[in-house]
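Chain naming follows the written order as A, B, C, D and E, and within any one chain the residues start at number 1.
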């Protein structure tokens, strides 16, 4: 579904080589997590995949088609969640807008908007404006918007950074459920190694700059996951430890 | 919206070295000239065809105007009439910038001052310059000082309004950051207010540039005996229509030149603003 | 502590705002009264405010003045409406369609500084001393004010918001309606305020110079008859109209920009 | 706005006329029904100055209009099809009793027109009838007209500029002459009266497209109006109250111009020659083509 | 040093009661963490303490003085780190500005700026503009700015939300070191319960709306902390479990 090959990105202004050479693929309906040190180029990668940034070299293909602009039926949750919400719209309108664009009929739209807002715990705040919400609430609005959109490909950039531990666990399970139900191909950037292991079927570890794929790790945990049991599996701890060491290696290089 | 300005300029891909680079530069310059000249050339063509089809005393053809332009302006007139006008224009513009930004910042920062000053300012803003000029003449005489003041009195509004709105719209988190770190007074002004309101202030300055040229003409309709605007009015009254149009042409060229210079300046001052858009696909 | 007012603080904001405004106008009146009375300028050339206001009151009692004002306001409203709509459409299209900005820049910068007053011969030729001439001048002058503001406004779209719109596949029209337009709106409102005044000024100036009927012509007649007090009374009337127009635009702004920091901060401050 | 016959068979005529003392006859004539009698349904549109009258007439928005001699000569020189149909206003020819004058402050060292040389003098429009006639007056008084520095100041703004010392002398017409004189200004030159004998200052004109019969009737009505106004100065003063804002006490005092029906061709020719000498006109004017 | 008593805050616009009644104190040189569910009012509390927001009722005192505006020598790291950086300044200028305001002499200033940027791992990026940095890098600039300021009171609102696990650990230790060396009174809002236990001498748990102090927990771990040993203490696990349960209770209430 998603093929990244030889991807390289140099930001002209400062002459920063954000990505040197990335190659990996995500199959249809797969959930892959991306981890890497701060500033290694995860956001850059996501923007290239989303067709928002033109790569310096290499290519990205979605469903076999080279990406030149944002592909259809793709949803993105941006790291800068605050800026990705339209301040002139209420929460409900923000979530509803892409659905209107997709020409989802009214009834179904209301169902989707209501459902996704309830799922992220914001049913009460539907008529507030984004700037009347706390940071975590804003981030959840952005997630609700992506979820309601029912995308084929879902890109998320540290989507749970601003919420508390318990909410985070709930949202992780929400994503897992939706991913299973809708079969979305998902690329998930996170800093939380536990989260990467818990959610991902595979975890791509990026090195620090000059950025390459350090490891493409298969998560061989049982497909059915559960916050308590999965996290307490010995294999979970193994994988976690391994990834931790990898990231430390990634950072140590610089 | 791939086309909004920060994204329009396509990111320059690889910068080839050596002669290739020069060639690319030449090509870029040529393309830029072509985009800049395309529409004007088209418009002149339309004008020319129109004037050959239906000749009118008040709308002479481009050839007549071009001839009048050469005869009228390639002479000492350029120095005697145009130059003093431009100097007055720049003086008035500078004055308006000082007053507009200064007052605008004060008003934008203080809701009370804004409440008190707004009706008075709106009052003066609605008074047409042609009737304001006699009043200014009462106070400032009839010489260059008056003309500079008239220009400033017109230019100041776009600058003032935009500054006020720009200051009012400052990012709250940035304001709070300044308050926390004790960034106050002049330093807050310099580092937060003027920079943060910069894009909107620039919009105002841009507006004011052409307003200034208009006011330059109007100011010279009073108590004058020379100047670009005066000459145009004189041509108009003397029914020297091609000459009049050539003067208008000169005004347009003046405006265009100033705008180009202004754009350069703006790109420098607001580099962070235009840079922020980044190189997007 | 500017952000949020405690609920028990006295005085409604609307009231205090009006009070401050009245105080400002009062100060201006006092100044205009004092300057001639103290002999700083000859009262024959600038009568004291009280005399101007008395003349204005007398003038306001005549139906001719109301007719003239009505004519001016009609030309103003019509011209402003045409200019505003045309400029918004043009501005958004130029700002949004790739390449158009670069292609039109030189033409815009060339045409913009051409003074409306220089177009008077053309206007009179085309329309004579009628509403058409006034409209031509009004539209030409106020169009640019709005256009430039729209161009700057459309360029102010937040990069992340822009990317959001793109990634959710919002159509060009949706991106204009839901992203570019709201972002540009604060700029547009400033443009509207600028254009409203310019349109009014040009409506009056056109009457003044071309002699189409209205407030400007009344001013001109007063001027050439040496009726200084009447002339200033009419000028004051023009200023009062300006205050009224601004109030209306402010009201509109509070409605359409309720989400904008400048307004929401004030609602709280 | 064109000259179609109205429902009652009258020709609709729109005349572009400056709202000043000079144009009292046409207002008076309209009030007296002189135009109705010629089957003309007259509308008087106030205009701001000579240039507006001429362009209004050329664009056929006005069938008839009022402009001063120099403006008409200039228009003619530039190839505009203007044709005089009636006299407009003439100088009384009597210094002290005319409607235009050069004024100075009471304590000014300028005593006569000759002293104007080297001084700053305001006129309402440069390169027009004001500076031309002032130069001629100064020359006649033995001064050097080329040394005068003229600046433009609208008539209403001139007295203030004189009071504040911004200029040394101002040229104004009524009602500003009387007003300023009563406030202590002093006249040093009555330029219309002094420059040329029996000067035709302004005229009514039409463009070349107007129906000759209508022109003839307009001329007749206009001449009747001029004669009537000249013979009935009180009624002329009275009509001023209807279309100007001049204060009644000023109206009572002002010097009225002379409203003759005859156009003094020699004076027009003289103005043309003076204008040519001053460089206002570039070529020798074809006065005959302009005048009827 | 910091006394919060009977603090209540109602946002007029939506009529939201963000804080109902908070009372707690932070002694001079103490490090207190605040945890609570998303949207419970942590940011609101911090803004009231910082003197940026006027409480509806109750009061805040810093060093015995009632807070009516930002107290001197206080630094804040805002949750909206991206918006708190000046886009027209380079990273260095951003960090330096408060020091200039404080009239720190040039030499010392350069030392502080260089030192704090190096400490957050951004020595290379000193001349970049904030918008040329990744999210995590921006957040670290905000931290460096607060740290370089050498405040007496330091308020931090989820300051490590956008950085990877390893960087986070480093920054935690940085804050601990500075806190010990400079004796800063610190109020630290976080979502990470482990982090709260690791850093705090006390942890204040806020309930979800209507927000009150649910618990003011003393962290009785040895004062010297270390990422490996401290986190593996049995008492650490106890405290962590206790807090987790508390938060769950806090959220459960709604």
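Just so we're on the same page, contacts are C-beta pairs under 8 Å (C-beta built on N, C-alpha and C of every residue); 3 or more make two chains touch, one makes a residue touch a chain.
On a predicted model such as this, the values are computed, not experimentally measured, just so you know.
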item: Shortest path length from subunit B to subunit D (each step joins two touching chains); value: 1
item: Shortest chain-hopping distance from subunit D out to subunit E; value: 2
item: Interface ranked first by C-beta contact pairs; value: B-C
item: Inter-centroid spacing, subunit C versus subunit A (mean Cα positions, whole Å); value: 48
item: Computed distance of Cα centres, subunit D from subunit A, in Å; value: 83
item: Approximate Å spacing (C-alpha centroids) for the pair subunit A, subunit E; value: 27
item: Subunit A: positions in contact with at least two other chains; value: 11, 13, 51-52, 69, 80, 83
item: Residues of subunit D whose C-beta touches two or more other chains; value: 51, 55, 58-59, 154, 156, 160
item: Residues of subunit B engaged with two or more neighbouring chains; value: 58, 138, 171, 221, 236, 241, 275-276, 278, 280
item: Subunit E-facing residues of subunit A, complex; value: 11, 13-14, 16, 35-39, 41-43, 79-80, 82-83, 121, 128, 132-137, 140, 158, 161-168, 191-193, 244, 247-248, 251
item: Complex contacts: residues of subunit E adjacent to subunit B; value: 47, 50-52, 69-70, 72, 74-76, 78, 80, 83-84, 86-89, 97-98, 100-102, 129, 131-132, 145, 149
item: Subunit C partner contacts - residues on subunit B that touch it in the complex; value: 1-8, 32, 35-40, 43, 56, 58-59, 111-112, 115-120, 122-132, 135, 138-139, 157-158, 161-162, 165, 168-172, 199-200, 202-203, 206-207, 209-210, 212-214, 217-218, 221, 229, 232, 236, 241, 244, 247-248, 251-256, 258-260, 276-278, 280
item: Subunit D contact footprint on subunit B (complex, rising order); value: 57-58, 134, 137-138, 141-143, 221-225, 230, 234, 236-241
item: Subunit D-touching residues of subunit C, taken from the complex the two chains share; value: 42, 44-45, 120-121, 124-126, 128-130, 208-211, 217, 220-228, 230-231
